[in-house]
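Just below is one structure, and these are the notes that go with it.
When the chains are written out, they are named A, B, C and D in that same order, and each has its own residue count from 1.
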Amino acid sequence: MATSPEGTNLMQPEPIFDLAHLGHMELLTPKPDESLQFFVNVMGMTETARHRDSVYLRGWDDYEHHTLKLTASKTSGMGHMAFRARSQQALERRVSALKGSGYDVGWTDGDLGHGPAFVCNDPDGHRVELYYETEWYEAPPELRPALKNQENYLGCRLTEQIVMNDGSEAGMWFTVSNKSYDFAYTRDHTGTRGRFHHVTYAVDCREDVLRAADIFLENGVFIETGPHKHAIQQTFFLYVYEPGGNRVEVANAGARLILAPDWKPIVWSEEERKKGQAWGLKTVESFHTHGTPPVDLGHS
Amino acid sequence: MATSPEGTNLMQPEPIFDLAHLGHMELLTPKPDESLQFFVNVMGMTETARHRDSVYLRGWDDYEHHTLKLTASKTSGMGHMAFRARSQQALERRVSALKGSGYDVGWTDGDLGHGPAFVCNDPDGHRVELYYETEWYEAPPELRPALKNQENYLGCRLTEQIVMNDGSEAGMWFTVSNKSYDFAYTRDHTGTRGRFHHVTYAVDCREDVLRAADIFLENGVFIETGPHKHAIQQTFFLYVYEPGGNRVEVANAGARLILAPDWKPIVWSEEERKKGQAWGLKTVESFHTHGTPPVDLGHS
Amino acid sequence: MATSPEGTNLMQPEPIFDLAHLGHMELLTPKPDESLQFFVNVMGMTETARHRDSVYLRGWDDYEHHTLKLTASKTSGMGHMAFRARSQQALERRVSALKGSGYDVGWTDGDLGHGPAFVCNDPDGHRVELYYETEWYEAPPELRPALKNQENYLGCRLTEQIVMNDGSEAGMWFTVSNKSYDFAYTRDHTGTRGRFHHVTYAVDCREDVLRAADIFLENGVFIETGPHKHAIQQTFFLYVYEPGGNRVEVANAGARLILAPDWKPIVWSEEERKKGQAWGLKTVESFHTHGTPPVDLGHS
Amino acid sequence: MATSPEGTNLMQPEPIFDLAHLGHMELLTPKPDESLQFFVNVMGMTETARHRDSVYLRGWDDYEHHTLKLTASKTSGMGHMAFRARSQQALERRVSALKGSGYDVGWTDGDLGHGPAFVCNDPDGHRVELYYETEWYEAPPELRPALKNQENYLGCRLTEQIVMNDGSEAGMWFTVSNKSYDFAYTRDHTGTRGRFHHVTYAVDCREDVLRAADIFLENGVFIETGPHKHAIQQTFFLYVYEPGGNRVEVANAGARLILAPDWKPIVWSEEERKKGQAWGLKTVESFHTHGTPPVDLGHS
């Protein structure tokens, strides 16, 4: 073990990571009916609310009350854009930095779907709002989809988990970034600690996963299961064993990212897992038993 | 303007965002030659270095020295996994939290490609390393690709920019998340401040962008340009005008994310921009001139 | 020139090419309402007619009155399947061959959408019908799509053509197979005869065309235009020049085939061509002027 | 049964279907080395032979000796194009029609890879050759892929079949067009004749099959198996049951067509079938047992 590198004098100012993501945008339109028809019927968005001259809309898989506020106006353009902060503390740090900068305007009570917002102007003159409190979207029964995650020391966030009927956790997916998971734990059937299940390589599209299957086939690489779509995380997957025996996954996540800083873990029950993967493929037995290094279970 | 919500007593402990991403993994293999052949010839990874019993490998578009350390061993499994912290300060905060937790092991001098790392064990007994200093990969000339961003108050990071021959900036792309950009600024040809260029909707794959083109065509929506691939950010794009006159983009970014917390902005020159988009499509004139709200340029 | 190989005594019996394609199938269902809901609302088919216990359905781009006849029945299974002959003469040759074979049943008056059919049983006992006369589907105005070809000596069939305002033909696409075209002629702007415009290579999917564009870019191959979708034939295209100067196309046609033996050429007008390619891309000037071998247009 | 429609006086001249497909093209190039490098290293074609100033090339899955003849020349352009006739008889009918037409030139002894060819000029002055005898390509062991069909009365051609160890046929795929199959027979496990296994709907790309899986999932339609790739015919498949109990397949065949008029059936053995589908998915039991109408197997 080496000497600690802590306490160096050469440290740079720490970068700021206080904003989580672009939350919504207000678009102004001189043709409100036609614009609404475009966003609903052509783009496939859903209306969540109406208030005064505005219609609030969200796209499929958006987690907030709305991501687009369409407002009737004499002209077209952007009314404002709004960023969600990573936490209430992060919001307050940004407000403290902005106050007195010349760009700050002040607090508003918020809007439909989100709490108090601090208004500022960007250098180009656009109106920008910062907020943290938000209303999570609840799908009505008819729009509920067929498919549905904290480690204190590292700051990992749990995005999805499997909880068995006896209350035990059979699987946990964690992220440290905007990816839906950076790593995961599943229960080892041998009860051994520290074993390895697989490492995943992300490719650009599902066609790349399909092509990978052909490449593995032509190269005589053992394909364990896939390609198919995971119910959990909805990644499109393919599992093979590299010659050393370690499992390798090739996967594509589509455009799915976990942008919400207060993501609530999705819990899958034992019954739901028994349905197999997204489109019904039964999980192969080896997926539960094969891990590395191999464990001699003995029979003496 | 409403009263400030700052100083509430109900504030939750702030979530931790100190880790940037999974940096690399060490895989152990009892068949080092065959495993290396698999990762290089079947998976398409590139060898960066060899040291003792290990070969260091990286995948296409990985920004660090290596993302896989393949180590000859008596058995298979994972040697360790390593997370890169968001900053030196973030690394030290995690080390402080870990010390005395029972999971901490101590500092190492680092490895090929990265600086000092703090070692700990996860609850399941795997070895985990945390580091910040890293060596950025420099492609040798024969592997250099054909295609190649700070706002202090908000913490936005510049990912790409266009710098003209006279030194002025013609375009800037900013992110607050792991997306390659959350918003962008380009120079307005009318010199007007606060105008709107477009809003982008992300879809899961490029086939969805191609289908969107057919949907717009069948619905009589004006297609301004695309589908084609942007040189900047490499997103696959399609631009239309919604009835109110505002420009809307439908795009897919593949699996590309900006995970490096110390990303260095990519600078595009005036000459490079003249080559058109990625595959040579010339940027249509309206892309430079159309913005909302409309501006009366007058001629009096 | 060599001696003619005609009149060889070793000639094999000529293979039979008298059937054009599977025309439709009658499915029996004990749950007619639910089955209809499935084919219309889930599969996206369209109802064309109802008669007694049957609903007649067609899929997008099917050229006949129906391709599925869904019939209420006590049980499930296939009622019959029907093949369209390549011509009335071809139908009669098959009927002559079948008569007295033990598989023949006899003529029916036909059904909604097609003329007289000869009924036979296949060796497994399914009912099979053969017909030639058929009713071409005419889309009602609300379903009409945004996008809309004789060489006697060789038996080539014209599938699409461009006719200018002055009545002259500017382009002709011919097929000898089920592909939408095997070769095409376009007017040479230099008026020279026998020049070459391009050769096309078909790939499995549009993602392959997009990947080809990246491969050409990385290899410094000149991309003339694309990727984009042709209005004519609707192929997804990409044009490059190989080093010798000849134009090469990489294209994907989707699942589109010309199965109708009596296909009526689709005629494109001068105005329609001016709209550019399917999604509005303007045809580049070189596409009209570049051909091989080069022609010295001189100016003496 | 109705009166026969044979012998009508209104019969049109029978269309000609004597050519099978475009067989190959000769391209002239003033830069033979660079053009060869393009077709081999960029386009991915394979050299089959060299003779005088020409290199003979074929693309993946091409069944003939070559589909491109690249010839060094003073200029660029097309040397000739060649069509393969559907049969020797069909070739002779075309030659008879051409003789004396003014377009005919005469017979040649053929070229590497194909037999005697009749030469003619098209109206635009290009050289066109017609041939029937051809040399089928035999892949050398190192290029042999991991994945490897007559009904006299109808003129159906067998494209693939399964032959069990006892010599019995367990499956047969037939075509009447250029599709790899129009219909198929498999052995019924109940021994019942005339039952129905499934009907297939073709979609434009594999992404459409993947999307179909999501649509079926959201609509509560039972997914029997897939999406996955068939070993036989290599189509990408998805099987569901419509409410009436009949099995429906949604599939994509890529760009694969059976163009060879003398296609030799591909035979799959019992051992090969036991490997499962292309990427190893085991065929579900119901695929062998479920057919419509249901059969009461009784146990009395």
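To be clear about the criterion, contacts are C-beta pairs under 8 Å (C-beta built on N, C-alpha and C of every residue); 3 or more make two chains touch, one makes a residue touch a chain.
None of these values were measured; they are calculated from a predicted model.
Graph distance from chain B to chain D, where chains that touch are one step apart, equals 1.
In a homomeric contact, the two copies may use the same or different surfaces; for chain A and chain D, over half of the interface residue numbers are shared, pointing to the same surface. Work out the mean CA point of chain A and of chain D, and you get 44 Å between them. Per-chain CA centroids place chain A at a distance of 15 Å from chain B.
Residue positions of chain D with contacts to 2 or more other chains are 205-207, 216.
Residue ranges on chain A touching chain D, taken from their complex, read 145-147, 206-207, 210, 213-214, 216-218, 220, 223, 225-229, 236, 238, 278-281. Listing the residues of chain B that touch chain D in their complex gives 205, 207-208. Taken in their complex, chain A has these residues touching chain B: 1-6, 8, 11-12, 14-22, 25, 27-32, 34-35, 37-39, 41-43, 59, 68, 75-78, 81, 83, 86-90, 92, 94-95, 97-98, 101, 103, 105-109, 115-116, 119-120, 124-126, 128, 130, 152-157, 176-179, 182-183, 185, 193-196, 199, 201-207, 215-216, 219, 221, 242-246, 248, 252-257, 259, 261-262, 291-294.
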